[in-house]
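Please go over the structures that come below.
The two complexes that follow have subunit A in common; it is paired with subunit B in the first and with subunit C in the second.
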Partner chain A sequence: MQEIIIGIGVTALAGALAAVAGAAEDTESNIGSQGDPNSQVQLAPQMGYTHRIYNKAVSGEPPAYTLWVTLACGVAWAFLMLGVNAILAIIFGTVLATFVQGVYATTAYLGRTASLSKFGQPVFIDVVKSVTTVTMAHAFVAIFATVTVCYLMMTVIGHPFALPLLGIVWGLALGAAGSATGNPYYGKERQYQNQKFGAGVPISASGNIVRYAEAGQRSSIDNGFFTAKFGGPASGLCFGLIVFFELWRTIIFEDYLAGWGAVIVGALVIIIFMIIDRYVEVWARKNYGPYAVEA
Partner chain B sequence: MSVKVEASHDGIPHNKVMVIGAVISLVSLYIAIIGTVIGVDYLAFFGGFAAVGALIWGNSTIKKLCSYGIGTGVPSAGMLAFGSGVIALLFAATLGGISIWIVPVAGLIIALIVGLFLGWISNSVLNMKIPVMTRSIAELAAVGALALMGFGVVATGTVGFTGIATIEILGVTVYNASYIGAGVIAVSFMLGAIALQHPFNACLGPGEKQDRTNMLAIECGFLSMIIMAVISFVFVSLAAAWISLIVAIIGWFVSYVKYLALSKRDAAAWLDAKPFSDAEE
Partner chain C sequence: MSAIAAKPGANAGSFQPIPSVIAIVIAIVLVAAAYFLGSSGILAGGAMFVLQTLCLIILGAALIAFGVHFVPVGGAPAAMGQAPGIATGVAMLATGAGLAGLFGGAWAAELGLGVALASGAIGGALMMAITCLMVNISYVFGMGIPAASGKVEKDPITGDLQAAYKSQGTEGHGLPFISYVGGVIGGLFGGLGGTLIYIELLNFYNAGLPALGFVGAADINMLSVGLAGIFAIGMFLVIAVLSAYNITGTIEGPHDPKFKRFPRAIVAAILASAVCGLVAMLVVALF
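Entry: the complex of A and B
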């Protein structure tokens, strides 16, 4: 009984940490313009729209976050082996991962922008200085929370995987949650805020992304302000629920049917969510935009 | 059949880059093996040079492969390379029981075979029909195997299976805290896969220049080596780990500064806190 109570406590804690991680991850990727909305940032100068938006083309978010979280887990494991206190070890791992993330971010921005010289897109050094540090700060929060989730799974719940392997699994899940949940809000809403609402994105508007602020020209830190209100929390909720349900079903139902209980409950959770998703989608299409009256 | 679109005009042809990268990688691995044979581990940092050599080669291969319009497939090429590289690495490492000297060459050959097979599947079974596909995937698998071997040498000081699958703690041989057992190989895998795809992916565009992309490949290699050097404190002697770490930091810093200079050379303008002027205004 006590084991189950501790397990439920860890499940709740891990779910909360994952929610923080998801929100930070999405905000980070939007500030840096990573993931699929990046293609418009890349396209804009080619269509004649010079801009001050960051261009963090490291890779898709899932592979990138797999690297940051895995290497933070690996370094944390190394420090644990050297006898360092767990919290410090996780912090050391996260700091190194954040450093690597920052270096990759700057090289991606400089590389992509320099390769666009033909279209007159300048490199803005003030953007490198201000935006990179903000993405690094958000990445630190996301990586730290996820590595802590992995560490809790390994030590308290007794997951059989080694720490870096858990890092691969949960880093990938974190990047996928942020990319799938948060990116539409940035890519379809924020970048095309200057287009008619509900019009979709016409080909003629390609590359015509939001480049001006209320006063002056935008850098992509403003994208963080915008998406942190909705896209970030939605990603956090998504990743938090993934971690929570994953642990909850394992801890409660693992003893039934020789482990198959947890698998069956997992499948049931997926089916329930599919029904909810379908309902929300149909409801949203009926209530918003010209989607429903498409001739 | 896909149409080839030249990414940029290369100063050095691909075959020459391939030979240079492979030679750097193999020679560095053999220097590191000399260390294993004579029983010292402070030559472990040569593993980092092996990884850098492999990444230079792989970067050129990716550029060649992606000139057939595989833009969003650049990151996945890195994953594929290291996925097939792991198979070759493990197989070759077990051959270290016969003689440790054959491991790097065996890894290279096994990876090429695995890659040729995967390339044949992609081109003929999945019907991708890209002319350079089979050769490129074979090359990428070899690059993955060599780079993984290099990172493994930085971390553990050896390429043999005993060295990467076991660790001595207080005189007891332990498996689950070793390079493979503790999953450190997963860190090498991700570091290498992202470092392999990043240079071309980051410098993508009409103004891509070979020297800038190659400098970024070197930078990514040394950056990854810094992480492996930090992890190596668990596996190798203190002196060896410090040597690897210092070599990695110097290599990274020099290549990063050079990359910044090359970016400044190629950029349309280098502005600090100045607004852009719009063509429409």
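Entry: the complex of A and C
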């Protein structure tokens, strides 16, 4: 009984940490412009729209976060093997991974932006100085929370994978969940804030991203401020729910029906999510209506 | 003919019998080589055990390749609400779901093959079910955009008309119900295939590592889990990337015409997994 209670507590804690990680991951990627919407940041100068948006998408979010989380997990694991306190070991690993993220972000921004010089796009050194550290701070939060989730899975819950291997699995899942949920909000809703609300961006508008703020040119940090109101929490909820339900169904129901209990409960949860999705889809069709008269 | 004069789009995605036969023949040769290595004692466990392991690894890879084609991926256009699907890359999303499944499958490995495979499949499907739901919530409540497919007039499952719900100048947006179901099925196949590869490699390493002699009895299981996990993840990435090449960018799900390209990806997965599987098994070879 005590084991199950501890398991429930750890599941809740891991879910909460994952929610923080997801929110920080999406905000970091939006400030650094690393998701798919960055195609527009890269395209804009080629269409004649120079800007001051950060640009570090030399890889997608999932592989980038796989690298950083796995690196942090690997370093933390090495320190744990040396007998260092767990929290300290996780912090050491996270700090090193955050520095790697900083180097990655700086070189990516300089490289990608310099490649646009023939279109008149300048490299802004003040952007490197002001934005890189903000992305590093958010990356630290995301990496620390994810490594802690992996540590809980390895030690308290007793998953057979070693910490670096869990880092690969959950770093990739973090990037996949964050980019899937957060990218449309950053791309459609922020980069194309000048387009109609409640409709996709027409393909003919590609590259014409919003470049000016209330005063002066738009900063990438403002993009993080904007998306942290919806895209970030939605990504956090997504990753938090994934981690929570993955652990919850196994810890509580694995002992039933020789392990099939966790499988059946997992299938039921999937069906419930499917029903909610259908409800959301129908709700939108009824409340927003069609764009044109239905044939 | 120059590269410009050639028309790469003319037969893009069509099944090509001659390269496919060549790929299958090479895969059979590799399987035969594994059988020989097993019968000669270089690979531990005997010829039939080696043969079974490699064949099931190939089956797992084929399941992954098939599953990737179900996952609705819209890439960069989806991030601007210009095309339906999830706004990220095919390989990464499928791998994310597959590895979440592998996490569940590896956890349940000691409960038997059936439970582990089912747990892996459900783990992958659960990840996709949550992700796809949050994508639609983001579109509907964050951006006020309903889901609409650009590839079919009616949703094959619900019968909902799609064309009127596409905003002007776009190919659709969000995840119509068929795409949602496709995502869940994709996660199901990905988690199943990834877990099958992991379990087969785990059993193989548990049988092969003691024969090497330099691994202590207490460390065998830990080393087996680590090796099997790394190779399973690596092979998952190989197959997901191969399938992504076959899809070329974006796909809406099982109703998308590109879905019919899956046999080609399965052939490629069979060959790639035969090579990768044999290499993974040779790690514990007694040379």
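We take it that the second predicted complex is superposed on the first by the 286 of 295 C-alpha atoms of A that agree within 3 Å, B and C clash if a C-alpha of one lies under 4 Å from a C-alpha of the other, contacts with A are read in each partner's own complex, and residues count from 1 in each chain.
In this section, contacts are C-beta pairs under 8 Å (C-beta built on N, C-alpha and C of every residue); 3 or more make two chains touch, one makes a residue touch a chain.
Only a predicted model underlies this, so the values are computations on that prediction, with no experimental measurement involved.
Judged by the touch definition given at the top, the superposed model places A:V269 against subunit C, while subunit B stays out of reach.
More residues of subunit A are in touch with C than with the other of subunit B and subunit C.
When the two structures are aligned on the shared chain, A:A284 is found in touch with subunit C, with no touch to subunit B.
In the superposed model, A:P63 makes contact with both subunit B and subunit C. Within the superposed three-chain model, A:G167 lies in touch with subunit B and out of touch with subunit C [touch as defined at top].
Contact with neither subunit B nor subunit C is seen for A:T135 once the two complexes are overlaid on the shared chain.
In the superposition on chain A, contact is made by A:D126 with subunit B only, not with subunit C. By the document's definition of touching, neither partner reaches A:S219: not subunit B, not subunit C. In the superposition on chain A, A:S29 makes contact with neither subunit B nor subunit C.
Within subunit A, the residues touching subunit B in one complex and subunit C in the other are 60, 63, 161-162, 165, 168. Of all the residues in subunit A, the ones that touch subunit C in their complex are 35-37, 39-40, 60-63, 159-162, 165-166, 168-170, 172-173, 175-177, 179-189, 191-192, 196-206, 230-231, 234-235, 237-238, 241-242, 245-246, 249-250, 254, 258-260, 262-263, 266-267, 269-270, 273-274, 276-278, 280-281, 283-285, 288, 290-295. Subunit A contributes residues 42, 48-52, 57-60, 63-64, 66-67, 70-71, 73-75, 77-78, 81-82, 96, 100, 103-104, 107-108, 110-126, 161-165, 167-168, 216-217 to its touches with subunit B in the complex.
Of all residues in subunit C, those touching subunit A in their complex are 75-82, 86-89, 92-93, 95-97, 99-100, 102-104, 106-109, 111-112, 115, 118-119, 122-123, 125-127, 129-147, 158, 160-161, 163-177, 180-181, 184, 222, 225-226, 229-230, 233. By the touch criterion stated above, subunit B contacts subunit A in their complex at residues 74-75, 78-79, 176-177, 181-184, 186-187, 190-191, 193-194, 197-199, 201-208, 212-213, 216, 219-220, 223, 226-227, 230-231, 233-234, 256, 259-260, 262-264, 266-280.
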